[in-house]
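Heads up, the next two complexes both have subunit A, just with different partners, subunit B and then subunit C.
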Partner chain A sequence: MITLSRASRWYGQVIGINDVSCEIGPGLTALLGPNGAGKSTLMKLVTGQLRPTTGDVLVFRERPFANTRVFRRIGYCPEIESCYEDMTGREFVSMLAALAGIPSSQRASRCADALELVGMTAAASRKIGGYSKGMRQRVKIAQAIVHDPDLLILDEPLNGLDPVGRREMTDLFVKLAESGKCVVVSSHILYEVEQMTRRILLIDRGRMRAMGDVYQIRALIDAHPHRVAITCPEARRLARRLLEFPYVLSASLDRADDSRLTVETRQPDQFYDDLPRLALADGYQVTEFESPDNNLEAVFRYLVKG
Partner chain B sequence: MTAGPEKPTDSPASVVSPIADVSYRHYDGPLHSRALRWWIVALAGIRQALRKWWFWLLVMVSMAPYAFTGLLLFVQTRLGADVQQAMLGMGSGARFASLFFQAFDGQLFWLMVIGLTVGAASIAADNRTNALQVYLAKPITKTDYLLGKWMGVFVVVFVAALLPALLLFLYCMLSFWREGFTREPWLIIKILGASAVAAAGYASLVVGISAWCRSAMVSGALSAGVYFASSIIAFVLWATLHLRDLRAGDMTAGVLVQNASLSGVIKSVAWNIYDVAIRMPGRPGRMFTPVEIHPPELWIMLTAYVAIVVGGIIGARIRIRAVEVISG
Partner chain C sequence: MVERFLLATALRDLITARRLVVAALLILAPSCVAIAIRMGMRESFDGVATYGALASLLVFGFVLPILAVVFGTGAVTQEIEQKTIVYLLTRPVARWRILASKYLAAWISISGTGVLGIVLLGVVTYQSRPGNGNTRLYPSSLRDARAFLGRLQTPDDSITEYLRASLSQPTGDLLDRWDPETPPGRRLIRAVLRDLNSVISSDRRFYSKERFAAISLPEDARQLIADGARGPAVARLNRWLIEAAFPDLIRTSRTTRNSLARDILVLPIGAAAYGAFFLFLATIFQRALIMGLFLAFGWESWVPMLPGNFKLVSVMTYLRALAPHARPEAPSADLMQLFQSLSPESVPASLAWLVLAATTGASLFLALLVFSWREYVPKDDAV
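Now for the complex of A and B:
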């Protein structure tokens, strides 16, 4: 659905994105990167609000810049502070539904559907000026989905939402992606992105650093072995035994808490298989273990911060 | 007549679930490509203006010059013909057009204020909230958006200018049918033209300035500043250069300088449309012998007017961007 071919965008001397090539198809893709990485520039290129300085951007095989045919099939939820304070939520969604081309005969029911979906039916008749940040976020999402677009671009859509709201919206995005739509979500909240999708597009300083399944990407980062934190009353003895495994590179005890042990390994799957066996055989009481590395945050940290 | 089969009342299928169905429902209806997409944008702006009580107050106040003119006309019907002539100074020419123009002149300031209330925030508020990103990601063009914002101001100011004029027109038509009202058949066209001139001028100024601001307050202050500054400069220039001309009873040269302001340009174009002479008290010691002032040169004022309208629209169009592009 989205194809970027060596796309670059400069703002004078400032690089927005630099030589980015990628294809994004149906399903949910998370767009990740630190502040100023170029996420918003990429989204604006895709939504046709910016033209690439060099390279090409195609959406539905057409150039999106000022292309109303493409806009008809896009739903965009930007990260904006606020919107029309004097309008009610229903009016706001209805106006944008009208701009999207929904005929007046079907507009009311379609707006009602969209508002219900984001949990705003009860507050739809209130002015946006009186909405909380989370409610504004929901209304923005409603206007993005009201015309049932094939491509949904969501810039920090979970900002301001309470935990229940985050869960609801996450489920909605997943459902939309499962129904064959292309959903691109940018977010800083990595653990929530992890709940939504495993497919990521990571950009940093305008360059694309990685794209694909987060666990596959993690496995490819050889420079950083997996770390596994284990809590066990006999941590020192357990560390000695674990170092006998050839794939365990190091084991270190926590100075503050000698029941905490951190192991580094290049074969995490093998390690996860062997650890329970060892614990059962030698009678170690492993009360807790976690892998702070095998997640999106680790991938983000290693690829972005080096 | 046979009774149909009874509907089951308590079977699980017939019971409406108390839990709302919030599953995603696809939209399979049409998506129209509208020719008048700008009207949706305009309508949103107009609706917001109509909701404010003080907007209606301004509209009422702006009607006062026409109400006053109507009142004068009503009073003169109760007085003798000589008093009528002296009080209203109406000659045998386009006397109703003259009345309408003077009422229009009195209303111009309020039309500017109405334009400000409707248009100062029009694009500035979108700039502040980045709502342009939402708008311009929908299937509308930049031109649709700008036209919508411009029309949102134009329509409101136009109706505010036209409505009291039409009411007065109706009153005159009903009351002065035999007193020469029918001798001015183009009056209604002149009213429409003058109202449109004021609406287009103010809409272009206000929207043009609004596009360059990120706050309604700054936009309103700038627009008002341009309005008042140009009026003050024009007045000072006129008083310095041409006041003695008024005393001498000749305003031919002075009228151009006097109207070399934003409101003056709009007024002058409307004045040319009404094509009437204004009478002002002139020579010292002969206050009841008024000086006739004719409208300034049309081509000069029309050029200035077109510059204001086109400048405002082009200025806004240059500035309207969904994203702020940093250069340098």
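Now for the complex of A and C:
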């Protein structure tokens, strides 16, 4: 449904996306990347708000820029928070349903259905100005699905939702994808994406880094030496004990503060299991531990180097 | 159906509480000034002149441009600033149709507000005994018959000489025999007015540049001269010329009603031209509102008064040609009058129609073209 061939988009000197080629078909695909990676740019190219600087972007085999034939089949949930603050949720969805070409005879019932699907029926008569972040997110999703599009482009749709809301919306996206639609969801949180789909596109600094099954990418991530910083009064002794584990690659003491220790491991899950056990058994007072690597950007850096 | 919906939505967007307050103030402002003048001047209040001055300076010169800037640019910049334009531009509606609806909504808002303002001004300046719109002179048209006939009896300038010479032989004899120390008889007045009325109704040679060189002609008379008065307009011009030549002796024939009717027609034309132009600005520039305000109150208020052909690059020049107003002459020559005396010629109405139509058409076309083609994605959150 979506084809990018060597598509690049610059904003003056700034690169939005750089030489991206990919095809996205039916089902749920997650677009994963840290903030500023180019996810929104890619979505704006697909939803016909931007033209590629070079290369080509095709949606339903057509160029999407200001193309009403393409827009008829697209539902788009932008990342922006601002909205028509004076409208009620229902008016907002109804207006966009009308612009999507839904005749007035069907509009009320289609809007009611969409609002029901996102769990906003109760608040639909209230002004958007008074909505919480999560409610805004829900009506934005409602306007994207109200005209039953074949392609759904959702830019960080889970931002601002509480855990229950995330769960509900994730289930909705999965259901829509299972009904044969092409659903593209962007996110910068790996955990969030893993709950939705196995098919992901990794994007970082404008480039497509990996494409495919999330487990493969997970494996890549796991192969990446994972660092854990530990604060413990007996850091030197703890370091010696930790180095006895086969999966611990290195342990180094902080030169400035000898109660701080940095450990590198290839099996973080195993390490996180063993550390508390060891601390309990030998009586180490671990006051703090954190992983500076436990975020996508570190993984991306690793993948880029690899 | 989508068009009607788009229009309704665009109108609703424009009519925010804040804009309504501004619009209400703009509607009321000229009338409030008129009421203040009316209360201050009491008996000597001249409704027609007050209407002309306020319609020209406040409604056309201030209210219309500011409304056009606010509504014309507001139609687009609000959506861009709030980023909600994304929702409109990703719907299966051609971009030009979205913008055309917004333009129509802006035009309705500008025209509606402007017309309300001018109608209200017409109401508060209304007088039951103004000019009657008739170009004929009646005995009641003379403020001071004795002084007027005295001037005709002993002409001391080219205008009175011309008028004296156009009197018929019997009327001339009657005038010569009259002793200016006594009040003129009804027969004399009737005879003189009959002869002058025949000059007014059909004499196309009454106006000449040399003859009226010393007279500061009001804007509406200058406009008729520029348009080359023909048919009934000849009578109107001649009557206005006589009024201008004897401002203290002859009452005005102008009526607020006639000016008001014309202004109600011309305001929407101005709204269309200004609205389209500011809409075009808004499709190109992020700071269209500020640029628009600068153009409306810098360019549009000063350029029309510049000498030479500079004034031809201002929309206001052409609007004034379609809706010229007779303003009362200020006792001291101010800067505006000085400028006006440097470029007294008006633009012909036919040219004004053409230029306004072209401005509206070209601005709207360019706005639709740019809007259909341009990317409206704010740079800061583009990535």
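Note that the second predicted complex is superposed on the first by the 217 of 306 C-alpha atoms of A that agree within 3 Å, B and C clash if a C-alpha of one lies under 4 Å from a C-alpha of the other, contacts with A are read in each partner's own complex, and residues count from 1 in each chain.
Note that a contact is a pair of C-beta atoms (placed from the backbone, for glycine too) under 8 Å apart; a residue touches a chain by one contact, two chains touch by 3 or more.
Because the structure is predicted, anything quoted here is derived from the model rather than measured.
Per the definitions stated earlier, placing subunit B and subunit C onto a shared subunit A by superposition produces a clash between them.
By the document's definition of touching, neither partner reaches A:Asp282: not subunit B, not subunit C. In the superposed pair of complexes, A:Glu116 makes contact with subunit B only, with no contact to subunit C. By the document's definition of touching, both partners, subunit B and subunit C, reach A:Leu50. Of the two partner chains placed around the shared chain by superposition, subunit B is the only one that A:Asp148 touches, whereas subunit C remains out of contact. Once chain A of one complex is fitted onto chain A of the other, the partner contacts of A:Gly36 are limited to subunit C, with no touch recorded for subunit B.
In the superposition on chain A, contact is made by A:Gln106 with subunit B only, not with subunit C. Once the two complexes are laid over each other on the shared chain, residue contacts for A:Asp257 go to neither subunit B nor subunit C. Greater residue coverage of subunit A by touch, when subunit B is weighed against subunit C, goes to B. In the superposition on chain A, A:Ala98 makes contact with both subunit B and subunit C. The superposed model places subunit C right into subunit B at 115-123; the other stretches listed in 7-15, 115-123 or 169-177 stay free of clashes. On subunit A, the patch touched by subunit B and the patch touched by subunit C overlap at residues 11-12, 14, 44, 47-50, 66, 68-69, 71-72, 74, 76, 78, 80, 82-84, 86, 95-96, 98-101, 103, 143. Residue ranges of subunit A in contact with subunit C, taken from their complex: 11-12, 14, 16, 36-38, 40-41, 44, 47-51, 66, 68-69, 71-72, 74, 76, 78-80, 82-84, 86, 95-96, 98-101, 103-104, 143. On the side of subunit C, the complex with subunit A involves touching residues 1-2, 5-6, 9, 13, 16, 82-84, 86-95, 372-373, 375-377, 379, 381-383.
The residues of subunit B lying in touch with subunit A in their complex are 20, 22-34, 37, 40-41, 44, 47-48, 51, 125, 128-131, 133-142, 321-323, 325-328. Those residues of subunit A lying in contact with subunit B across their complex are 11-14, 44, 47-50, 66, 68-69, 71-72, 74, 76, 78, 80-84, 86-87, 91, 95-96, 98-103, 106, 110, 113, 116-117, 119, 140, 143, 146-148, 172, 175-176, 179.
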